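Each of the next two complexes has chain A plus one more chain, namely chain B in the first and chain C in the second.
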Partner chain A sequence: MSAEDQSAPREPSGHQQSVVVHDRGAAIEQSDAFENPGLPPHRPRQTDLHPHKERRAERQVVGWFLLSMLGSVLAIVAYIAVPIELGNMASVRANNLFLGLSIALALLGIGIGAMHWARQLMSSHEVVEERHLTRGSEPSRARAVEIFQLGDEESGFSRRSLIRNTLIGAIALVPLPAVVLFRDLAPAQDAVEAIAHTMWRPGMRLALDPSGALIRAADVTQGSAFHVIPEPLAEIGHNEGYLDQKALAAVLLVRVPPERLNEVPGREGWSYDGIVAYSKICTHVGCPVALYEQQTHHLLCPCHQSTFDVSNHAKVVFGPAKRPLPQLPITVDDEGYLVAQRDFTEPIGASFFERLQHVDPEHVPLSAAETENRA
Partner chain B sequence: MATRKKTGRRHPLASTALLLIGLVAAGGASAAVGTIANANPAPESAYSQSLTVEDGAELFRANCATCHGMNAQGTQNGTSLIGVGAASVNFQVMTGRMPMAFQGPQALKRDPMFTQEQSDAMGDWVASLAPGPERPAEEWLDTSQVSDEGLANGGVLFRINCAMCHNLAGAGGALTEGKFAPPLNGVDAAHIYEAMLTGPQNMPVFNDANIAPEQKREIIAYLRYLDDNPSVGGFDLGALGPVSEGLFIWIFGLGGLVAVTVWLTSKPN
Partner chain C sequence: MTTTAPRSSFTAQASNYLDERTSISTMVSALGRKVFPDHWSFMLGEIILYSFVAILLTGTFLTFFFEPSMTAIEYDGSYVPLKGVEMSAAYASTLDLSFDIRGGLLMRQVHHWSALLFVAAIGLHMLRVFFTGAFRKPREINWVVGFILFILALAEGFTGYSLPDDLLSGNGLAIINGMVKGIPVVGTWISYLLFGGIFPGDDIVPRLFVLHIMLLPALVIAFIGVHLVLMVVNKHTQFAAPGKTNDNVVGAPIMPLFAAKAGSFFFIVFGFLVAIGSTFTILPVWDFGPYDPSPVSAGTQPDWYIGFADGALRLAPGWESEIFGLTLSWNILLPIAVLGGFIVLVMFYPFIEGWITKDQREHHIAERPRNNPTRTAIGAAGIWFYAVLWAAASSDLIATHFHLNVFQVTWALQAALILGTVIVYWITKRTAIALQKKDREILLHGYESGNIRRLPGGEYVEVHEQLDDYQSWKLKAYESYAPVMVRPNANGRITPATHLRSAMSRWFFEDRIEPITRSEIEASKHHH
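Right, the complex of A and B next:
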């Protein structure tokens, strides 16, 4: 039986519903059925009972509308009387404040007045609006099908299949230029190549952010925190990818007392005289980790509170990060300046699908005990 | 009489008014008590004569040696002060962080216990034990010498070296395990300089090779600029960013919307 057959008996009674009862063992006893309690008796408002209260409510509504007019005028006055003066930030604040207050008064005056009018003075009789079926009536549904069929017949949409198919093909091709255009917004370089390596190279000197001044090992006194960029980065212009490169290569340089510094075998040569350099980009989602506590040697990420222990290969001691911060192997050159031995041995920052393919064979991973010993 | 009948009924705003009066009274009393409790007898007149290094040693032994040892060598309750320099002593003593009120995650700022002369005498004595960072020269605290360009540079240096802990607006922020970076608004220029130079508590040291004295002066000038140019947008809600702003909009913004909705749909009596 199709849906039409089932609904056929309803036809004669028009929109009135005839309920088809299916006994599934869940019939409700009529005596238990919920009864519509109807609306509570209508209570007249104070404004309906007392003429003086009605007049007062009328005055209040008028008052709100007058306040709104005052607000509109005040906004114009404030704009002229409290102008924004170039270079004077306090004038911006005053201008914003007075404009905002007066425009708020103008809009709220209309809104509150209208609401007050409706609540206190307009008719307060309760009105019931019945819900209707979403489904259209059978005649209107049949008529809709008729219109479609007539349209198909007159246009020949089904009959002239060549025209129809070429139209579908043309519509299908329209979005293609957009795909190509938007695809070209991505970096021309392969995305993975762009983030898998930084600009650190063997022998590249460590320099201060942002001046580019070189750093001697002796300058890094105990407790210091140096925010470091590669020396050539200071010469790169903002339009030449300065921020892109900085976001990859930024490094924090600190000196840990020898008795506090724990170095795993294979990484002893990566520090110089207790001076260690770690990527400043969090391994969780890439925020700059730079909240260095010089007594605990903990590095805190301000975004999600991941905490790294710098004295212990920047292993994670708290928070959502899963991997230690990548370490930049450093040494000094013959002039006493700190230099990188090479690029990071693993991609810096947050994980990405191809990350493991770009871990260098020379990378010295921390043992499971080193990384999982979370506080 | 119809109007007489009202006497038995409270005005609808009576409870709100009573609550406000109560809050104002309690707050006022608390503030008054606090002012009296914090009132400090001004001792400066008694010590206006210059104090010697020996006086500094006496003051140190009387007030600091319990934790730092008779010769500032340190004990299990306090670090060694050999080589911390006069700058460190001036910062810790004149911001009231030392003597420490109690052992905790970090020493808290409060009214200083000593006069500038007493602090200087102790600083001179500590500096005589071993060389260390000296109190900054007046030249490096005079922010009137900083040009507009220097001011902008101070902002850049502040954002690179300081803002991650102390907040972009210098409003301070939380660190780990109860430690925090204090707000920087209104802090004395000498104390800002000394904090950068000596790295008190968990703050890193920013020595002159890292941030030169001229640059430290630019950073101080930038902080002064932040003090003198309050938030353009009006209430900055502590300048703590999404935390305080989010809290405000969730409680007062959404709360206000709920209140308006309740008002719109309620029946007038």
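Right, the complex of A and C next:
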């Protein structure tokens, strides 16, 4: 066939690499194998055989390019003629649609037209190019070795070992200042201290998230779940750490019928009249555990399906979380508002390496049996 | 001394001007007629490149309007439902560029769709290379370069997804924060430094922005450069076909055919992405509201390519241990280890297979997957493993859509992850071997022509017809490997590595169908 030979040697002849034979390893040698029958005869296309079909393909290519031009013009027209009226979502949608489709036409016109040209009108004869081993030619490999040897000799890199070794040492140390520089990515405060406690303090009132309205015990009806923040949080500005504090202090408040509420010894005083408060931050990786199912008193984390039983100190009944949600001890103040007795007795949220160092001595852990009992 | 043709055209003069200053004719003569083989699956890599160009173009437009700041402001833009809401400048500027800027929403959507296509095409391209053995010598290093690009693409995707600072992206970051904290010894501090204090802080968006638009794209461009240079040096693989051997490349020359096809394909990919961006909504961040650590809606989903990591978290057992007053979160470490192990295995697979075969020759023929049954089965098992983790990221949606119990869905997926991987491996291996047997059958006895004849005795037979030499070459042209025996080395010792290699080569090559030989065909002819 008219396959053109592309094997023009890049290296001067005489540098052939055919001497290199690589081990075939575990490959089976086939003495009796078939031989490649070689390129099949070229099959002409319709456009090669019929001039009128060739002319038609040419017209089609031109047609696509003209459509592309039309698309470009339409895009500019759409930009001006379909403006966005502020606040009008329909106009946003229309602008997006007409501008987008026009640009798509402009691009696809070029793409389809040129593809048609390539497939129907450009030469379809296959070209054969020889491969060579990827490795460099023997002379260039020898020259490379020689260059490194020269470099070594001329610099004395191997000979002057003290120079070399101190250089390696210096280069090994030089990134260290860069590592230290990253310390101030975060404030000076200790990382573990920063997440060990929340802003809940004794007597702090519970407030609705996000309105900040206070909550009386009587307001908490059975079956409803209240999303709660500390009262002072509502006063903190968004630029003064509002979200940071909320990510620690967010609480879910639920009233469980007294006959359904199991309380372990030591935690009886942590609830008020069947009302219990738990950290809303999952002990798995810290998503908000926001889905409450009132029939079963289960709290479900929508991220990874960890499920906690509110009537049993929020112990884990399913999912990848290990620990129960930390309980916020609550009571009511003189005016009947729900208040925290104190901060959580253990760090909230996802487990971290140093977590146990910050479990309060007054923390009442659930026994292994109570936490391990899975549905 | 230079010689130029007298009275040359403008093009000739310009070319001469350029060549005398750049020596560009050397490059044109070396590469201008370089040959690229043609196969639809070779276009997958091109889609990656072209969608990346679309990402760069649309992303640059977005940076002109996006404000990477977590400073809180009261929204006073044109999207009425969020008027008066406290939100970060990042979220507000995302709303503004979507609703106030003509073409802004289009560019955002094309950017996101391009990113999704980018990652999807990388996945398919990797599968093509894996299943055809195109990672074998001399392309092992380019496989690793490509794999690093895959990881970079995931990092680009995740950092980009996090920038608008909406409820979903913030939740994604909350999960990252929790995972980082689960790392022993340094986790708490890494999280603290990453977020510039406690989560969410007000530093993460500008930091991710710098990674997303500067560091990561620079790395992606650099690695794409290396990837393409190595592809040119190694030349492209081709499927075995008449005239196509291990020692040549048959296909279209760059000038003009390949350049025309590749160039037009860029416009088709880009045009397709713009068409999708103008007709299909992607990630309507205005529906979710600004980030707040308290609310979250049911059915939250990460972008699909992060799904496998989220799914791994969902399927992990709830284990933690407390040793010497320190907490080890196995429910986080185990999925990280499984994903890390999976990634390392994929990344180093070419070296593992190369060690088993010890085949030092260069391989330029893309294998048909059936002709390497064990590798194909490993690949299929890997796909299954990945797919189950991916499906697990939607375990809650599977439960709600099909009215199932989410606990049972999780248990079923856990079982599918482990048992299914083994079953898929086995089925694929047997299927590949069966297909090889079918190829052999066709070579020996011809293919079923569909032509039924009635013999004089009343018997019906189907006429089998033989393939011609061109048609049958595809079925004959492959190589097979035999298991290696345990043999003592030069010191007369049998090392554990020798035993391991022998065992692995038995696992790979014990069940095999060797390519058909002339004598077998001859024998079958005489038999008839």
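To be clear about the criterion, the second predicted complex is superposed on the first by the 283 of 375 C-alpha atoms of A that agree within 3 Å, B and C clash if a C-alpha of one lies under 4 Å from a C-alpha of the other, contacts with A are read in each partner's own complex, and residues count from 1 in each chain.
Note that a contact is a pair of C-beta atoms (placed from the backbone, for glycine too) under 8 Å apart; a residue touches a chain by one contact, two chains touch by 3 or more.
Since the structure is predicted, the reported quantities are computational estimates derived from the model, not experimental observations.
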| item | value |
| --- | --- |
| Touched partner set for A:P288, first chain B, second chain C, both or neither | both |
| Chain B versus chain C as contact partner of A:E130, first or second or both or neither | second |
| Which of chain B and chain C A:E54 touches, first, second, both or neither | neither |
| Partner chain in contact with A:A225 - chain B first, chain C second, else both or neither | first |
| Which of chain B and chain C A:E263 touches, first, second, both or neither | neither |
| Which superposed partner A:V92 touches (first chain B, second chain C, both, neither) | both |
| Which superposed partner A:Q46 touches (first chain B, second chain C, both, neither) | first |
| Chain A residues contacted in one complex by chain B, in the other by chain C | 89, 92, 96-97, 115, 119, 124, 209-210, 227, 288, 290-291, 302, 305, 307, 318 |
| Partner chain A, residues of chain B touching it in the complex | 156, 160-161, 164-165, 173, 175-176, 179, 181, 199, 201-207, 209-210, 229-234, 263-264, 267-269 |
| In the complex with chain C, residue positions of chain A that touch it | 3-4, 6, 10, 22-28, 30, 32-34, 36-40, 79, 83-84, 86-87, 89, 92, 95-97, 99-101, 103-115, 117-119, 122-124, 126-131, 133-134, 182-183, 185-187, 189, 191-192, 194-195, 209-210, 227, 229, 237-239, 242-244, 246-248, 250, 280-282, 284-288, 290-291, 302-307, 316, 318-323, 349-357, 375 |
| Chain A - residues contacting chain B, complex | 43, 45-47, 89-90, 92-93, 96-97, 115, 119-120, 124, 208-210, 215-216, 219, 221-227, 254, 288, 290-296, 298, 300, 302, 305, 307, 318 |
